[in-house]
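Presented below are the structures under discussion, each in the form of structure tokens.
Here come two complexes built around chain A, the first alongside chain B, the second alongside chain C.
Moving on, here comes the complex of A and B:
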């Protein structure tokens, strides 16, 4: 798996344009208040994100809650209209396409909601919900559509009996599988998965992750994998982008970013991973407090208000842009050079629970095996 | 309709019917005696109205007929509810009056639903100009008390059944627009609506297959209560003299005719009045208990 992953990246970079390209994407929400509902502020949920997603890869988007991951996903899919910026799919700009082409092309980009229970009509049996996209986009008669629904439901590891259930009669894992089945009916190329393992217990999480990698090879999918769990991102993703307050602060191959984080925020996220061994002390470099409100961003670097490396006159003067550090690895920090992997960091990263992840790396198959049982 | 999955389950409306008619709701619906009374009244009045030609002893008395010898007789074995100033059998006229009144009330309610609900769905789903235009027009109608609007319209149009239906519908549709708009507004932000949108399902399909179905319980409750109030209003118009015109056996009209013979001929006003009272009460009791049974906020409260 490792080999195919990297070959996919290098081949695509060398040969073709990315499958999905996001350029300086912004999504602001107006904040209205007072009697006249006048716009009194702008919530900068996504504030200039550029991202290239290559065919076949899995790119992780990580960050705290409220950092704009979900808004990014929904804007890219088209649920929200972008405030500024462009989205290219297969090299074609989505915002400038005629409606008919947009409808067709837009369908190959699908978003899977975070909350599977709320994303099904509570009064519809599953068969009807899964049939909905087929009914909307094909002229097939009902019986043929049902055959396709049954095929897809089997592909996500469920049975026809689940099709007669109402959403509240199913478990979180089953619903998660059904959300995937519903979008797969449209033969998408890119799936934006919003916290696909949220609120599932660990064994179910493992099975869903296994399913996701199986589906990826079966349906030749590309994933944008939104998550806050770095351990899952490490297992699943080829590349990872770290978001803070609507911006990407660090991006690169998963290994490079997690082993050699060059943005203090990435380091803080790694430090926040809970450790399993009870003897190990929790890292004391945990971030304090909440991120600042995206309504009132700090001056200069948006991480400056919580940054342990904050330097007066540098960090609050201007906002750092993403600058290259290693192959494909970029970080937006003026002092990223000082964060380079010293002996000390290696030791600390080891302490961040990554050694355990390392072992898990070799045990990817074990997840698969446990699923079979 | 043959597939590997139970065809019945996927038919539109079956899910809804299952939901509406699940045992829990039926239990909630029939949990007190008043509900039973309301339902019985509604069913009985409906049956009597439909079967009026069979049940009434003097069907020819329903409209124009004069029997001078028998005028203003008190209730007897021959004339159960007595006779009126033309000597017509009041029992027969009350039965036929039920046909007229129920026809008006049902027609008004259905017409108002047919106009008000689609407008409410559209106004609630779209924001901007469409929403503003529909809702401001509805507000104008809602600002005028229903009785005054209906009265002036009926007076202007002239007294016959179609005009009464028009007058009452014009004053009734905005109420459906209002409630459906409010429900649509809250439903359209549900995640499953967003999911359907992102799957490329058309707005028309989303509005009717998802949102409309979810507003149905509210519409049914409002409609049932509305039938009751419309009967009352139709009788009021008849009583004032701007409703249906004289030979028609309409309850409000009959009470109006009886006024000059009161209090001596008590039966003349009493029986049409009782008919109005029982029918209206039936629909309102039934509407109230439908609301209790279907309102999700009241679910889980067991009596």
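Moving on, here comes the complex of A and C:
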């Protein structure tokens, strides 16, 4: 079964203004210590992120743990209050809306938590957990709410019998489906999916990704897809934003960013992905060490402490801003021009998939022959 | 595989069957598992969660809680010694932590929160690592050895690290320390249970490289448990694919990736995302519960190429190639 992209369907809608716009969003956490509990530092989890999300598209947010992906998602949804910056949904600034309008408009922007087990009440059967948001946000009578819950549960590929279960009785994949069902019941337009396949086996992961694609076309959804896995982003996303220590360092159409990464961090992330080809030498762009603490950011470019292209006097003097490279493709690196991917690399990365598919085809045929005998 | 080759393997698991007795019934967690790890070899054990990978590793260490666990049949040989006949006392003093060590998946649980890293590493040499492999027993040599190993796992400032408590370190640093601890007593066999699963890809790539280097340095054998085919490709010499408590296929890693035979392996490889792939396929159905499971092939319900006899007859071993074993009726 194929997982395909549906962006073409929404193309006419995408022509208008962005559905969700994030402008220079910042979220800092104060760090307190000592006897008087004074603020002794600022943890800059999200440090000036601007994004435009068009209706119907899937935008991926990738980066290592601690880079601010989740904080970004939670701030956009309103779980955290932004330190600075503005979020526009359907052109309306969320922070300046009256509470009543915010409550109504906020429903069309839903956040799906990373840990499905932790996001359900362990003492409630699923029916009650799924009914709760409807009870809080709509005036529907119980029978109609249940009707809607059952319809959505079927849409995510589960049965009514699962509604009687408690969270611990369900598998990780089933819980994922139910977290999706719970937010879909509110008819959202944008879903912020925080690591929707974390801690799932590959076979279950494949099915959840397929489900997400199906739901997207069925309910005309827009996804902000937070993930640490570039392999999944490649499959799911139209555009991708790479985050490092609270900032977007590269953004662009998925294909452009992954084929021709112009930020050394994106390159390093790609190099670290384990290949499915034993014996092939590991890429040499591997990073050393771990990201520095967001409490003490390096001077100048925040990637400078790990960057293989670090240049004294340039990279530690000022912080590079996102600058355009190709259509819709931007990178925040002073030396991004030097990173232009050669034809040779493109051929290697592009050609490998084909070669592999042919080999697999051959082995299938062999199985087929022995089947006949 | 001929007799002498088999004897030359360091670890041999023969026909291991393991049950857990639960309130809901008997869970047949392992059913006729055969594995052999040669000296200096990295054998990957790969499969989805619940397929019995970890339980297999724990059985080798004699760490199956009993009850509810019960080893029904089978043998586990480490070199010339049958581990199944050893008492827990003997296992603890002579095997666990000295001849066989474990690199766990969780990095916080296995480290004692109230002792420094240095104390915990020193204890390993004090109680487990003495008088083995002609190790010199000079004052200060232990400390030097620990420092060398911490440098080998790419921890900067090893002296500072030794004075720290586990909670002061990041997940990647703790995993490096646990790897160093596993290599410290110079074991013959290391059981690595998903050592990189909780880590970022960038750190995972570093850890895998360190692991390879240390294995090459010490020449020990490794049973590398993982669910990630990419990790298998990066580190293993041979690989066994497990499904629902049984081995489906065992082959050298290159052969398994280039010409997988068992339908489950084919499906599993197709469902792994990779940077080269734009689409992935799914395996229909779900992993069966291992309570009162059918007698035949355990993959029967999900297999796209099942035959009639697969339902009632357990597939035996088929040698698809000299070093490529498949448990599937399609080849038998």
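What we mean here is this: the second predicted complex is superposed on the first by the 328 of 373 C-alpha atoms of A that agree within 3 Å, B and C clash if a C-alpha of one lies under 4 Å from a C-alpha of the other, contacts with A are read in each partner's own complex, and residues count from 1 in each chain.
Rule of thumb we're sticking to: a contact is a pair of C-beta atoms (placed from the backbone, for glycine too) under 8 Å apart; a residue touches a chain by one contact, two chains touch by 3 or more.
Treat the numbers as computed from the prediction; the structure is a model and nothing was measured.
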Contacts of A:113 with chain B and chain C, given as first, second, both or neither: first
Contacts of A:232 with chain B and chain C, given as first, second, both or neither: second
Partner chain in contact with A:218 - chain B first, chain C second, else both or neither: neither
Touched partner set for A:270, first chain B, second chain C, both or neither: second
Which of chain B and chain C A:258 touches, first, second, both or neither: second
First (chain B), second (chain C), both or neither touched by A:183: first
First, second, both or neither for A:169, with chain B first and chain C second: neither
Contacts of A:206 with chain B and chain C, given as first, second, both or neither: second
Chain A residues touched by each partner, larger count belonging to chain B or chain C: C
Overlapping contact positions on chain A, where the chain C interface meets the chain B interface: none
Touching residues on chain C, where the partner in the complex is chain A: 48-49, 154, 156, 170, 172-173, 200-206, 208-209, 227-234, 236, 253-254, 257-261, 263, 266-283, 286, 305, 330-331
Contact set on chain A toward chain B in their complex: 77-79, 103, 106-107, 110-111, 113, 115, 118-125, 127-128, 131-133, 136-137, 142-143, 146-147, 149-150, 160, 163-164, 166, 182-183, 186
Chain A to chain C touching residues, read off their complex: 1-4, 64-65, 171, 173, 201-207, 209-210, 228-232, 234-235, 258, 268-280, 282, 286-290, 349, 352-353, 356, 359-360, 362-364, 366-367, 370-371
Residue ranges of chain B touching chain A (in the complex, touch as defined): 1-6, 9-10, 12, 15-16, 19, 190-192, 194-202, 205, 209-210, 213-214
